[in-house]
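Below are two complexes that have subunit A in common, paired first with subunit B and then with subunit C.
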Partner chain A sequence: MRAALRAAEMQLKLQVINPFAYLGVAIYPLIMTVLALFLLAPSSQPGRIAYAILGGGLTGLWGTTYVDAGNGLNTERWMGTLEQLMGCPTPLSVIMLGKVATNVLLGVGAFGLSIGVAFIGFHRVLPPVDGGPFAVSFLLTIVAFFAVGMALAPIFPLARWSFTIANGAEALIYILCGFMFPTTGLPSWVQAISSLLPPTWTIRALYAATGQPVGRDYGQWWLTATLLIVVYVAIAFAFFRFAEARARVSGQLARA
Partner chain B sequence: MAIDAAIETHGLKKTYRSVRGFLRRARVDNSALAGIDLEVAPGELFGVLGPNGAGKTTTVKILTTLLIPTSGSARVLGHDVVHDVNTLRRRIGFVFGGERGLYTRLNGYDNLRYFADLYRIPPDVSRRRIPELLERLDLKGRERDRVETYSRGMKQRLHLARGLLNDPEVLFLDEPTIGLDPVGARELRVLVRGLVEAGKTVFLTTHYMFEADEICDRIAVINKGVIVAEGTPASLKQGVADVGVVEFEVEGMPDARVESLRALDGVTSVVVTDRELTQVVTMHCTRPGELVSQLSQLLEGLRFREVAVREATLEDAYVRLVTSR
Partner chain C sequence: MTQLRVFVSSSILQYRAMFNWATPLGYLAYKLLLPVCQLIFLVQLGTFATGRSNVLYFAVGNALQVTAINGIFGVVSTVGNERQYGTLPLLLGSPANRLATFLGRAAVHVADGISSVIIAFAVAALLYGLDVSRSNLPLLAGCVLLISVTTCGLGLMLGSLSLIMRDIFTIANTVYYLLLILCGINFAVNRLPGWAQVISYSLPMTRGVAAARQAVAGAPLRDVLGLLAGEAAVGAIYVAIGYALFRWLENRARLGGLQEAL
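Take a look at the complex of A and B:
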C-alpha cells in the first residue's frame, strides 16, 4: 500500500514538472470542449449541450488516464528507470496502481476544467441532473477508466511499438464508449464491442442522469459496469504478471 | 543457514531471439551466453572482465532476476534467480553504469525515498538509512537539488546509494565507473572496496583492466559468452609470465602483413589499434628480443618507429585471452 501511495506521489511530481502533461490535462480537453460547444450548443436541444460539456470533460478524463498511464511507462523506459522498477520486490502492477490513480485524479481535474470553461466561456451549464444517479455514475466512470487504463498499461513494457498505436486506441474509445453521442447510433457489431467496455455503461448512466432519452436502467448499467470493472482489474493483474515474465525473457526493458 | 557460495551458476546460457525482415520474416537467434559456470564466495569482490558484447551485462541481469536464462541454472544467496524472485530481490542490490536510471527532474532525496518504499523498507529504517547513505556517498547538502544538476560522479554515487538502500548482502555493479573522470572513478572504487571490507559480496563487471586489477579478489575473463579464464589478478598475470610484449607504431599496415606477423613462431597474439594517421601494433610473443631484431625484415617497405619491449601486464593477459591468433 505504501509503495502504491509513493508511486502515486512520484507520478504527481513527475506530471507537475512535465510540460506535455499540461497538454493532456488542460489544453486538449479544453479544445475538445470548445469545439464540441461550437458544434453542438447552437442547437436548442439541451441534450446536445450535455454531450458537448460532458463529452469534452470525458475526453480529458480518459486521455489523462490512458495516455499518461502508458506514456508514463514509456517515459520510464526512456529514462532507464523501468528496469529499476522491475527489479524491485514490489510488483509493477502495484506501482502502476499508484501511477494510474494519480492520472485518474488529474483527469478529474481536466473534467472539472471543461465544465468550468463551458460555464465561464460560453455561459453554458449542464441541464438539470438527477443528482444521486449522476454522482454514482460519475464515480463508476472514474473507476471504469482506471480499470481499462490498468488493463492496457502492461502493453507498454511489453512492446516498444505500443505507443504508436496508443493514440489511435485513445480516439477509438471516444467513439466506442459514446463520449459525445449515444452508442445506439453505432452499427450493431460495433455496439457488441462497446458493450464489453465498462465506461460504455457508466457513461450511458451519466447521460441518462442528465435527462437524455436513453432509458433509466441505472441498476442494470451499474451492475454490468461493476462486473466488467472486476474483470478488467483481474485481467490487468494477470496481464502485468505476463508482461513481467515476457520482459524477463526478451530483455526489452532497457532498450529505448 | 550458512551458504558456501553467494553466487553460483551452472551452464548458464542466454539466447536473444529477434525477427528480421518484413514480408519474409525470419527468426534470428543471438547467443549472448554460451554456458557460464561461476562460483563467488560470500564477502568476495568478484570481477567479470570482457570486451563489449561479451555477455557481462546479460550475466548481471540474469543474476539480478531481470532476465531469465535460456538454459542452465543460477542461484544467489541460495535462491533460484528464476523462481525465488521476490525473496531474492529484497536481499540484493544492483547498479548499472551510465546516467540513465534516475528521475533526473526530481531531487536525489525523492529518488531514494521512492525506491526505499518500493524495496519495502520500513519508514523508520529508511528515515535513518537515507541520510546515512547521503553522508557516506558524499551527497549530503545536495539531496534536495534536482538530479539533472548533479555531476556524472554524483549521479553514479546516487545510483550506488539506491543500490544500497535495502542493505543488500550481494551488490551487483555493472560497469559502475563508465564515463567517470579518473578522480570520480577512483572514489567509487574506494567505496566499493569499503563495502567488501564491511562484509558485502560484490559482483562487478568492467572492461577496465586496472580497475579489476586494483580492487577485485578474483576475476573471470568472459568473451563471446564463455569464461576463458578465471583466477586472482596475480594468477592471470602469471599466465602471461612467459610472454613479452613488443609494441611499435607503423604507417599503413596492410591486413596481409598483420596476418604474416600472427603466423610467426612464438607469437601468441597481434593487436592493431588505430591512432589517427598511424597504427599501434602490440605483439605478445615468447622471444621478444628475437622478434625485434627481425622487425626491419618483417616490415620491409613500411615506416615504423617507437619500438618498445616490456613485461606483460594484466591487460596483456586479458588481450591474449580474448584475441586469437
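Take a look at the complex of A and C:
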C-alpha cells in the first residue's frame, strides 16, 4: 500500500511537470468537445449535447488512464530506468496501481473542462441528470477505466511497439465503448466485442442518466460492469506476473 | 548537383531512420490502425450528429486529413529527434546545404502521407460506399499530393521550433487535432467564428480539402485552380518560415556556442 501511494505521488509530480500530460488532461478533450459540439449543437435533438460534453470528458479520462500510463512506462524505457523499475523488490503491478490511479484521478478533471467549454463557448449545459444513477455510473466508469488500464499496462514493458498500438487504437475504444454515440448503431459483431469492455456498460448507464433513449436497465448494466471489472483486475495481476517473468527470462527489456 | 545528392541521401537516411527504430507492427499501427480508427470514429460521430446522408462528406474529409499524421508527426520527429538522440550538434556542424537537407527529410513523409490517404480512401469505399468512378481522379491525385506537401511544410515549421522547445510533440499533437476543427474536415469553415476562419485560411489543408471534395464530385481543374494556387502558396510560406527559422536558430546556436540551439 505504501509503495502504491509513493508511486502515485511520484506519478503526480511527474505529470505536473510533463507538458505532454496536459495534452491528455486538457487540450485533447477540449478539442474533441469543441468538435463534437460543432456537430451536435445544431441537432434537432438537444439532449444529444450530452454526448459532446460527457464524451469529451471521457476521451480525456481514457487518454490519461491508459495512454499516459503506457507513455510513462515508455519514458522509463527511454530514460533507462525501466530495468530498475522491473528489478526492484516491489512488484510492477503495485507500482502501476499507483501510477494508473493518479492518471485516472487527473483524467476526471477533463470533465470539468468539457462542461466549462460547452457553457462558455457554446452556451450549452448538460441536460437534466438523474442524480443517483448518474453518480453511481460515473464512479463505476472511473473504476472500469482503471481496471482496463491495469489489464493492458503489462503489455508496455514487454514490447516497445505496444504504445504505438495503444495510441493507434485510442479511437477504437471510443467507438467500442460508445464515448460520443450509442453503440447500438454499430454492427452486431462489433457490439459483441463492445459488451466485453466494462466501460461500455457504465457509459451506457451514464448517458441513460442524462435522459438519452438507451434504456433504463441500470441494475443489469452496473452488475455486468462490476463482474467485468473483477475479471479485468484478475487478468491484470496474472498478466503482470507473466510480464515480469518474461522480461527476466528474455533479458530484452529495453529493446524488447 | 551536390544539393541534389544531399537531398537524395537525406531522404534515404530519413527512410532508414524511420524503419530502424520502428518495428513493422508499430509502423502498421500508425499506417493502418490510427488512421482507420480515427476515420471510422469521426464518420460515425458525424453521421450520428447530422444523419446518414452526410456520410461521404465525413469520409472524404477525414480520409484526406490522415496525411497530416505523416506531414506533422513524421516531419516534426525527423527534426526533433536530432535533439533527443544527441545528433543535433553533428547536423549543425555539417557543411551540407541546409535547404536540401531540410526538404529531403520531408520527401519520404510526402510519399508516405499519400499512401496513407490511398488506404483511407479504400477504407471509406469499403465501409461507406465512397464511389470515385465519376470523380476527376487525376485532379484528386493532384490535390492529395499538394495537401501532403503543404502539411509537410507545416511540419517543417513545427520541426524547426523543436530546436528551441523540448516538448514540441505537445504542440504538434495540438495542431494536428485542431486541423480537424479548423480545416473544413468535419464541417464547413463558414460555421467557425470570424477570427477562427482567418486562422483556418492561413493553414494548409483548408483549400486543398475543399478542392479535393470538388474533385471527388467530378469538377474540372479550372473550377479549383484558385483553391489549389492558394493551398500551394500557404504551403510555400510554411516551408519558407520553417527554413528561415531553422537558419536563424542555427546561427544563434553558433554565435552563442549553444550545442542544442537552446
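Here is the rule we go by: the second predicted complex is superposed on the first by the 252 of 256 C-alpha atoms of A that agree within 3 Å, B and C clash if a C-alpha of one lies under 4 Å from a C-alpha of the other, contacts with A are read in each partner's own complex, and residues count from 1 in each chain.
Throughout what follows, a contact is a pair of C-beta atoms (placed from the backbone, for glycine too) under 8 Å apart; a residue touches a chain by one contact, two chains touch by 3 or more.
The structure presented is a predicted model; accordingly, all values stated were derived computationally and were not measured.
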Dominant toucher of subunit A (residue count), subunit B or subunit C: C
Touching partner for A:Leu14 - first (subunit B), second (subunit C), both, neither: first
First (subunit B), second (subunit C), both or neither touched by A:Phe38: second
Which of subunit B and subunit C A:Glu83 touches, first, second, both or neither: first
Touched partner set for A:Arg6, first subunit B, second subunit C, both or neither: first
Subunit B - residues contacting subunit A, complex: 16-17, 58, 61, 64-68, 86, 89-90, 94, 96, 98, 100-106, 110, 113-115, 117-120, 123, 162
Subunit B-facing residues of subunit A, complex: 2-3, 5-7, 10, 13-14, 17-18, 79-81, 83-90, 95, 245, 248-251, 253
Partner subunit C, residues of subunit A touching it in the complex: 19-20, 22-23, 27-28, 31-32, 34-36, 38-40, 43, 48, 51, 159-161, 164-165, 167-172, 174-175, 180-182, 185-186
Contact set on subunit C toward subunit A in their complex: 22-23, 25-26, 29-30, 32-34, 37-38, 40-42, 44-46, 48-50, 167, 169-170, 173-174, 177-178, 180-181, 186-187, 191
